[in-house]
């Protein structure tokens, strides 16, 4: 339980960091979608390790293999299984931690929950499972692009370095041109050097990924529990290392008065209903209103650091966990495609859910 | 779709603000639980309007009626249906907005989604639906108390007034002694007067509810998508007017380094595994580790204000929405029991889900 | 758990035989459907006790009350809660069986499962819960009729009395004109007298309800586990006293050769794809092919009889269960609307599920 | 949608007959189960083609590959993915039917539903998908055996040849000693020759698989919709070619009177509650009562025959479908392990579901 996400466009993921493979079975993908394998691979490439010196130096080809659900280049409406084999496993790297509980990892909680655990690289709790999310999200994007929905994410904070310019003033096409994935080149540069500094210290640091979605049809999201932003929140909070989620005006909105915060509704000449401001973040009453959807996702500093730390082992003995392995000093650059992927999965799922609530004319 | 929550302790809610009743059907409640109707009613009383001059002056008795699933004072393991009849409906209050789209309400999005809507008091989008959540949450609390789990929430911010003292330094038993539900009496007083000021202005203001959960067993939460904090996040974000959720170190944790943020694990003399700090917020890898769970929920200023506002009607004509009706200038005092209720539902659901993953000895 | 049915048109039922009420919350009903309360009541009237001397003499008005989800005569797309209050409860009738396990009832299994039980009239295990099914099914019918789907059921066997004429030779409009609900008036008469005879003996007898569905669109049903007939089977088998389900050629088809059994496909002048025979029962590979869907549902003789029977009580002491109360000697006449209701719920759910698998042009 | 089965022990299957592989992701398998790969392979071997001259002559090694969820020989509580690569695909065998709708196959319905289809060997509608069921079912058996549950199935009818002896008089250990999987050697012999005769005629014939389950704990099954037999029924009806399901007294029970059919309850010397007869089939009110569970599953003659048949193609032209390929003249011998597998999945799922309804002492 816990590895299935979505109601209609539903993904079921599997795989451990150092098992044979990680993968996903996608149910409920509409039939007849052109299956662009190259695009899916390119999304995985955005996520993969070793992209620059500020990301982990693990070498993983992360080549996608499609097992089912596609015929003559189109989706058939049946489950689409996709696998990425784990190449560079180096299981021996982890034998020294077989009985250790690393601080702020899931070692202790998995052991306590299941009575045993795959300790190699964190097993199922490793962020390697996000490979499956990115593959499924890429597929969702292939459907959404036909509907005119565009999902982009970018790094807006690293440690205390904050990109304060509002999204409307940013050139999001710049995001992918730097290793940090920050659309402000100057800030990207500062962030890069800061992360590199942290890396040299053998430490890690947190950050924020912001997302911006345009072209989302009006009416997505379901009343009460399955509000669009509630599901986006769950999807984002389920990503490794995420500690917070806010959308629209977010926590800043708390400080506002209603008279400042309310978004005045107007009808434009072409008949489009718009709001003059967008503190609502494109969602009202849990349902999209056609305005851009935007939200922020806060990531903690990753728990793996290259420093010695006190802890205990399975027996409860005090031990020192020594800093080894190859890890990211800051996850947010590689988290950008993961945030986009989860957003795509949520939006497509709600799009499909929304198709059933009104009868055809 | 969208009005069902939970996998095993599963609630299905229904009802509009000005329909006949609001209610809930609870599936999966364990059998043999002493059904303390008085306690459930007392939780509803904490939520109900008219508690002080800073909450809405609507008069609603909100008396709970139990329809099924309880026999001779005990739950029977079958669905428990509970209803609260809507007494003080005054539907006529709303006739003037029948075709109006109020700014930052769900009027436009519901109309666009469904092609029609129950405009009376927001219909299903009204916060009145939280009656059902509080009733179901009270039932969940009755089970959790047997397991030693204690869930408390309190107001920690109103507008820019922030309660900065950490939870460990607060006397949470004081929370319910003031109308604001802030455990710091001095701050509560300031908040009260601020909200009252806002009320006189015919305006509204946002706030933050903090939650604190102790006694949660180790091992609750499921890997990958159904992480404990992801589900808590969804549950909180699904409450009306919520714009953000963070747990543990939250967005502040973003700015920290791993070496500062990691929680060192120790084993106490009595064998209990603890962490020296608790930036993790009691959850690691999505699974509870036995430390207190804490999180913050940000509420926007409610959209209903007693001032004239520009908007459009269903036909798209420009109109003025005039401020009428009886509403809360700040929702957070009454949101406290709602946050607790949703937390109780989530924790109990995960407790039950966790019972199946290890075989009995 | 166990009282929710359907994926999109999803019903959540509740209520005990002698509790306050039985009811249902329907999620996922399309918006804008004219809510014909009179029709729903008329379907309940077809199910209610006391219709003739061959059905139980309990007097239950079974008046439906709608609590939510309907506004100005139309469904709003939000949950529709419907209740039937239990009037003629006579709980005292059952005090003598408070600790008795009646043979072939659910008394022992409920007690063993839950550790306690509502013994009054079988509690949740009573066929009274089918009130909720019929109400939800009537709502489903209101949607299906707009799509041209027609669902009819009838009694085709009582004890050893079998209606052998194929459905194409029957005048199904006659079904409701007799107390047995058999479309062959002569056979209906024989069945009536046989059931009346059984009643006088204080005994009960089984029967078969056949169903016939026309106008079902091509393409309903999902591959592999959620085949249309698999879900119809589950729905029927979930009705009290059902012991078997077969569709199309059914168990008789077992004895046939493929060369006899295969249905030749043709295209008619108007472009409709048809089959020359219909051993498939309108379903191929789990998906409707546009031909009439037909199936048979076998009901055992009800367990309640007016004769003394050996059994044990909760303590394990040998006892005599004496025949008291008011029950049906044969359930199939009143089961006809229940079979129709469950079929309607299944077909509508699959209709809605099918709307998402192909992208709009 | 449609390829997921189970609530807690939940399987998600994928794969087409002539795609790269068929497989399954199992969620919710308890942790710490010894993963006996050899046993799982042996179950697949019972299902695989080419076992004797009365089964299809396709050569498929059907070697299972485990991708995740198992560590050091034990299940870890995380998703278990298993794959069987499709070796002997011979896609060219099917090019001649690329646009043909074979009678009583799913060709037309898949095409109508999805707008396109993988025509090779039936694609997703092929019985090859049952490989995934058998693999998952074998895993379920590994858990159930620890609980003392034993599931056995056997062939009880082929065409008109019926094994009339009740199960108590059969030596089920004989079942696997003959190619038909009938526990009566003499009848097995007759059936074998009959099937062989049918094979020579290029025809096919139906049959019945009976199942017998002992050691099932009391209390499995959920009230109302998820009755144990309702879910068993759905599981069985979802198997390719199944047309009917009955349990306990089944359709024969229809003809009985209540006074004959009711099972008298007794308490044995050792405290066990038993029934003197077992017309209930081990299930009362949808919940297991500890008696053996038994049911019958009716299979139609498979649609593929080695004879010419009239049909149409995608354009609607009249065509002749010629009999080619390698198929089973009678599926029931190979269906035995599939019936067992689905039964194991259902029983284990209910076992796990039942663990949550009573609070721990």
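Should a chain be cited, it is by its letter among A, B, C and D, assigned in written order, with residues numbered from 1 in that chain.
One rule holds for everything that comes next: contacts are C-beta pairs under 8 Å (C-beta built on N, C-alpha and C of every residue); 3 or more make two chains touch, one makes a residue touch a chain.
Bear in mind the structure is a predicted one, so any value in this text is a computation, not a measurement.
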Along the shortest chain of touching chains, how many steps lie between chain B and chain C?
1
Looking at chain pairs C-D and A-D, which one is connected by more C-beta pairs in contact?
C-D
Select the chain at the greatest separation from chain D, using centres from the mean of Cα atoms.
B
Could you give the separation in Å between the centres of chain C and chain D, each centre being the mean of its C-alpha atoms?
26
Please tell me the distance, in whole Å, between the geometric centres of chain B and chain D computed from their C-alpha atoms.
46
Provide the C-alpha centroid distance between chain A and chain D, rounded to the nearest whole angstrom.
39
For chain D, residues contacting two or more additional chains
1-4, 8, 13, 28, 31-32, 77-78, 113-115, 124, 223, 353, 356-358
Touching chain C in the complex, chain B uses residues 1-4, 8, 10, 12-16, 19-23, 25, 27-28, 31-32, 65-69, 71-72, 74, 76-81, 83, 113-118, 120, 123-124
Residues of chain C that touch chain D when the two form their complex
1-5, 7, 13, 101, 103-106, 108-110, 112-115, 124-125, 129, 157, 159-160, 198, 201, 203-208, 218-219, 221-227, 229-231, 233-235, 237-238, 243-251, 253-267, 271, 273, 275, 279-281, 284-289, 298-305, 307, 309-312, 316, 318, 353-354, 356-358
Chain C partner contacts - residues on chain A that touch it in the complex
8, 28, 30-33, 77-78, 143, 146, 223, 352-353, 355-360
